[in-house]
Amino acid sequence: MEFDENKEREKRKDEHVQLALLDDRLPPSHFDHLTFVHHSLPNIGWSDINLHVVLPDLDLKSPLYINAMTGGSEKTGKINAELAIIAKATGIAMGVGSQHAGLRNESLADTYRIVRRNNPEGTIFANVGADVLLDFALNAIEMLEANALQIHLNAPQELIMPEGERDFTGWLSQIEKIIKHVKIPVIVKEVGFGMSRNTLRLLKEIGVQYVDISGRGGTNFIGIENRRREKQEYDYLRGWGQTTPISLLEAQEYMNDMMIFASGGIRNPLDAVKCLSLGAKAIGLASPILRVLQNEGTERAIEELINWHEQMKTICTMLGARNMEELCAFPLVITGEVREWCEMRGIDIVAIANRGRL
Amino acid sequence: MEFDENKEREKRKDEHVQLALLDDRLPPSHFDHLTFVHHSLPNIGWSDINLHVVLPDLDLKSPLYINAMTGGSEKTGKINAELAIIAKATGIAMGVGSQHAGLRNESLADTYRIVRRNNPEGTIFANVGADVLLDFALNAIEMLEANALQIHLNAPQELIMPEGERDFTGWLSQIEKIIKHVKIPVIVKEVGFGMSRNTLRLLKEIGVQYVDISGRGGTNFIGIENRRREKQEYDYLRGWGQTTPISLLEAQEYMNDMMIFASGGIRNPLDAVKCLSLGAKAIGLASPILRVLQNEGTERAIEELINWHEQMKTICTMLGARNMEELCAFPLVITGEVREWCEMRGIDIVAIANRGRL
Amino acid sequence: MEFDENKEREKRKDEHVQLALLDDRLPPSHFDHLTFVHHSLPNIGWSDINLHVVLPDLDLKSPLYINAMTGGSEKTGKINAELAIIAKATGIAMGVGSQHAGLRNESLADTYRIVRRNNPEGTIFANVGADVLLDFALNAIEMLEANALQIHLNAPQELIMPEGERDFTGWLSQIEKIIKHVKIPVIVKEVGFGMSRNTLRLLKEIGVQYVDISGRGGTNFIGIENRRREKQEYDYLRGWGQTTPISLLEAQEYMNDMMIFASGGIRNPLDAVKCLSLGAKAIGLASPILRVLQNEGTERAIEELINWHEQMKTICTMLGARNMEELCAFPLVITGEVREWCEMRGIDIVAIANRGRL
Amino acid sequence: MEFDENKEREKRKDEHVQLALLDDRLPPSHFDHLTFVHHSLPNIGWSDINLHVVLPDLDLKSPLYINAMTGGSEKTGKINAELAIIAKATGIAMGVGSQHAGLRNESLADTYRIVRRNNPEGTIFANVGADVLLDFALNAIEMLEANALQIHLNAPQELIMPEGERDFTGWLSQIEKIIKHVKIPVIVKEVGFGMSRNTLRLLKEIGVQYVDISGRGGTNFIGIENRRREKQEYDYLRGWGQTTPISLLEAQEYMNDMMIFASGGIRNPLDAVKCLSLGAKAIGLASPILRVLQNEGTERAIEELINWHEQMKTICTMLGARNMEELCAFPLVITGEVREWCEMRGIDIVAIANRGRL
């Protein structure tokens, strides 16, 4: 039976990859409701731009990182190997998928370890769920000689997943315990449903320093798990969760207290720069990288990431922002549905539209 | 002539069922303008959820009930028989269609009585119009050994119905009289046009304790009756009435004084949970159940209702709400046309967007 | 040359009728942004409704009237004859088209006089432009033994009309002069471009008592005249002017000082009742009647108008409003583009959404 | 190599013309969110309208001018020759494209000089970039015996242009220097990305008196340059920049301090009049004129411009505005996305909706 459970988990991992590539994201993107105010006199040059990010115990050459996805089956192990090559070639950080499979079944551990093997000097994130025991978490870190640990919060996914978890009691205290004992940065992350003020407040109260608000708009795990159900009866729930822009706006009051990462539905370098301008310290990409890798191969994926960096610099030059801090001083005008949300929730977007240089 | 009138009424009952199944509801639903704030740390389990509803003189194992629809003709009697089997199998309450036919013509009474016969222990609602004499109402209750009496308000339907009533004087005092004499709960209900603050105030003033605001968005009796007219000249009136979300928002100030039920255009378990979160004590389904029953049979209808219960629990678990009261403490963000309505009418939706856990 | 000018005018009259029937109105209608608050307890009967309108020196059996359209050519004379039969059969008032043709060319006067001949006891409106000399106006009245005189303001039409007027100086003082000398009510009307606060203020200041704000949304004389131009270069101007709902909202502060009539794009009895609820004293229909008459004949047009009256009564019964005054005490919720306009212009629509019975 | 660079520049000039004619503007236009309040009593005549514009050191017979486009290659030299004929025939001012090509390569200077040759008495604008040395600017003026000098700001274009500039340091001080030494009016202009409050403030601070906010909505140089890239990877940036209406609204507080010209996406005479009503002193047309010229020839282009003048007068007559100053006293109602922007940026559009005659 334990064997079967493993087999099933492996099958699930492969299905996730396959279904994530379907790309049935809900248009239009909330990113289109954020508009930079164009300034005709940038007064800087392209070579002035610095995308380096220095955070407590975490040094990122680039604000982009490959977010948690794969491992736990032969196929996804191979993907991990390629992602590691991409990360190494581009100098960006990288997470692996949930390591539970590798922790429960030693024969699968290599599908994660390959990442460190292929990228010995790279910045790598371990990944576990919030219900994991401390030892498990420590083993996950060790497995990768990880530079940071991601703990994912994925209640909606579990609930729609036919074989998923149904009890979410005690996650917060479990996270608190792990944070206390783990020496490297711990990043609490969503998996594509975004976060709210309330979630962030609770995380902050237990001492969480790093959060990836991973919002709605890209990979949709209610959609994916629903497709795996016989009757696909949860289709009406696909709109669940806060989009990435809304999550970042909900997070405004915590921007000084925590390192907020953004991910979920980042379509292009402009979306990424908008996140940075809303205070995000780093930007995670999952399905966009998976898609290029699977459809066009490793070389193209590396090229694509190099292009993203160049284009992010182009956009920063257009704005006249030399670095992350300056980006946050440029006005961003928020309209449409995102504006409505903020007005209802009392989030001060007029300040954001008029900040910095007037 | 009396005979003819009865024949005509029977024919009408059959036509209603047939036309209600056409499903030409006006998209999009106002329910799509209500959005729950996703919280990543529910801290409860699926088995913690309790959907039991205890109300004055009314104990509901589930907040769902089958709303008033059929009886009064051979065909609709058979539907009633099946609905009763469904109600029994799922443990939910059930109403019958207007009993005037059965009260005026003893030979048709059995098309209603079958409901009690098939579900001896169930919670059953009798149903009469607001122009009915007290004795009539008491007979309607007796006919079903009913646990509650629904009095329907359907002026727009009557006016568009070719053979309908044209005078609506005295409904309020008639309801007042019935309430005084009837020992079981009396539920004053709309039939799909929703309610306003003003209607609710008048009902409260005469001592009404139970209201079903049955709003626009699902079964549309102006559409149905217009189809029964030779020239179908009232098509432009199909948008008449308040939707169910707007009706519940109009009802906010009466939520503590009366038991408000919601019905009308509930498409899925998420809509149902949104109603509960806006303060509704129970959720009526009419056409959605009729549709499954007619198209797929009794067994599938039972299955479907069981699924609704499971899915409502899933959504409550996602939110972290153990029961109805807790549901009402979670923030719900209201946007679009529904927001516009509330701003015009002075309904405080900012409070609803920021309530409970921040 | 005078002859040619007349011929041309006759040709134009026929073209207007033909082009008006094209029905290329701009959807959607602003009337769809006005929503009545449904009340479930009307407490009145259909036979309680009274649509009679008593105004200073003007007694209207119905708030509906046939607005100024035809006369001045053989064809349009025939239309006038039929419209008069319709007006007589339904007891509604009726206007004729601009009488300049009949005043300048006696041989065409009969194309207007036929209206009085066919409807000796009816209420008939004469019609002239604002640049007309007093004598001309008096002759126009005499020609019809008219009960009221309409003076039309149609600057945009003239400007787009190839052969139209180009100077609009002195209209206001000309109107002032006519008002002083004419003994019957003088109705200053637009021809489908609506009115503004400013226009109404000026009209009020010179003592105008009756105004037809005839708004955008129905017959579009920029569209019609542009079609008559060789190059049709004014297509981009078709959206010019205030819609009928917006015009009535602009007129709110003058509702007590002047008798405001509404016309322009009234599509159905619900639109008409909405106008009455915004304070309009009467409702003019032009192209909708022309269309039925031309496409389906006189009998159907009469039937149609009788239906409109019945349906207006139905809607009043639904609301619980016995007459015009009561209609103005029912809440009307204004949203969308119309709301935006009112917010920009400082028109208090929250009051309208919450008036009367709460 | 210098030769090659010149060849490349010539090729680019031709490609710009070709790509600008593709007309893939982003619909709908923000101009559709500006609505004049129709007034039924203009009280003026068509012949009262005066479109003459007198500005410090600049006398424009018409507020329209042909904006900077061509020169620098054989083909574009021919276009310049025709544009000059058009400008002469219609009496409007005209700019040439960036003169860098002609300044660096004497053999190409004639492709600019032809403009003065064909229109000896006309008002002609020279054109250089903001990185140009003072001598260069003086030579550009001399080359055309120019009446004014346009300095273009086009950072986004340069950044997306494969061979474009990447450093924008020092533009402001460079402009300051030129202004101090040049005797004719200096117009600092965008090239289709619009301006912000901040840009305008900086320009004002260094003493700029003339600005052309040339906004988004028409010619899109991110789109054009992206098409010239092998991978066209910047497609997602096409929405960059402020539209012309938004730019003019951003400029409201500087309307008294500087002469603001408007250009970018002016589709028709109504758009032009809207700009004037928002305070613009003159209106630049680039691609619309290029399009008629290339598709239908010089004669039709002249005709078209004459029509624009007539139609602008028609619209002014409709409003009752005799001249530019009066136009700015008529209410303009701003809605939709443009309203949202203004609300976020604290721009007082309620004042604009209620100004002048109420």
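Think of it as A, B, C and D in the order they're written, each chain with its own count starting at 1.
We adopt the following convention: a contact is a pair of C-beta atoms (placed from the backbone, for glycine too) under 8 Å apart; a residue touches a chain by one contact, two chains touch by 3 or more.
The structure displayed is predicted, hence computed values, not measured ones.
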Separation of chain D from chain B in steps, with touching chains one step apart: 2
Rotation, 0 to 180 degrees and nearest 5, that superposes chain A on copy chain D via CA atoms: 90
Interface residue overlap between copies chain C and chain D, same or different (over half shared): different
Whole-Å separation of chain centres (CA-atom averages), chain A against chain B: 43
Between chain C and chain A, distance of the C-alpha-averaged centres to the nearest whole Å: 61
Of all residues in chain A, the ones touching two or more other chains: none
Category of the chain touch graph - line, ring, star, complete, other: ring
Chains touching one another, given as label pairs in label order: A-B, A-D, B-C, C-D
Complex contacts: residues of chain A adjacent to chain D: 32, 35-47, 267-270, 307, 311, 314-315, 317-318, 320, 331, 333-336, 339, 349-350, 353-354, 357-358
Chain D-facing residues of chain C, complex: 153, 155-156, 159-160, 166-172, 190, 193-199, 201-202, 233-234, 236-237, 239-242, 337, 340-341, 344-346
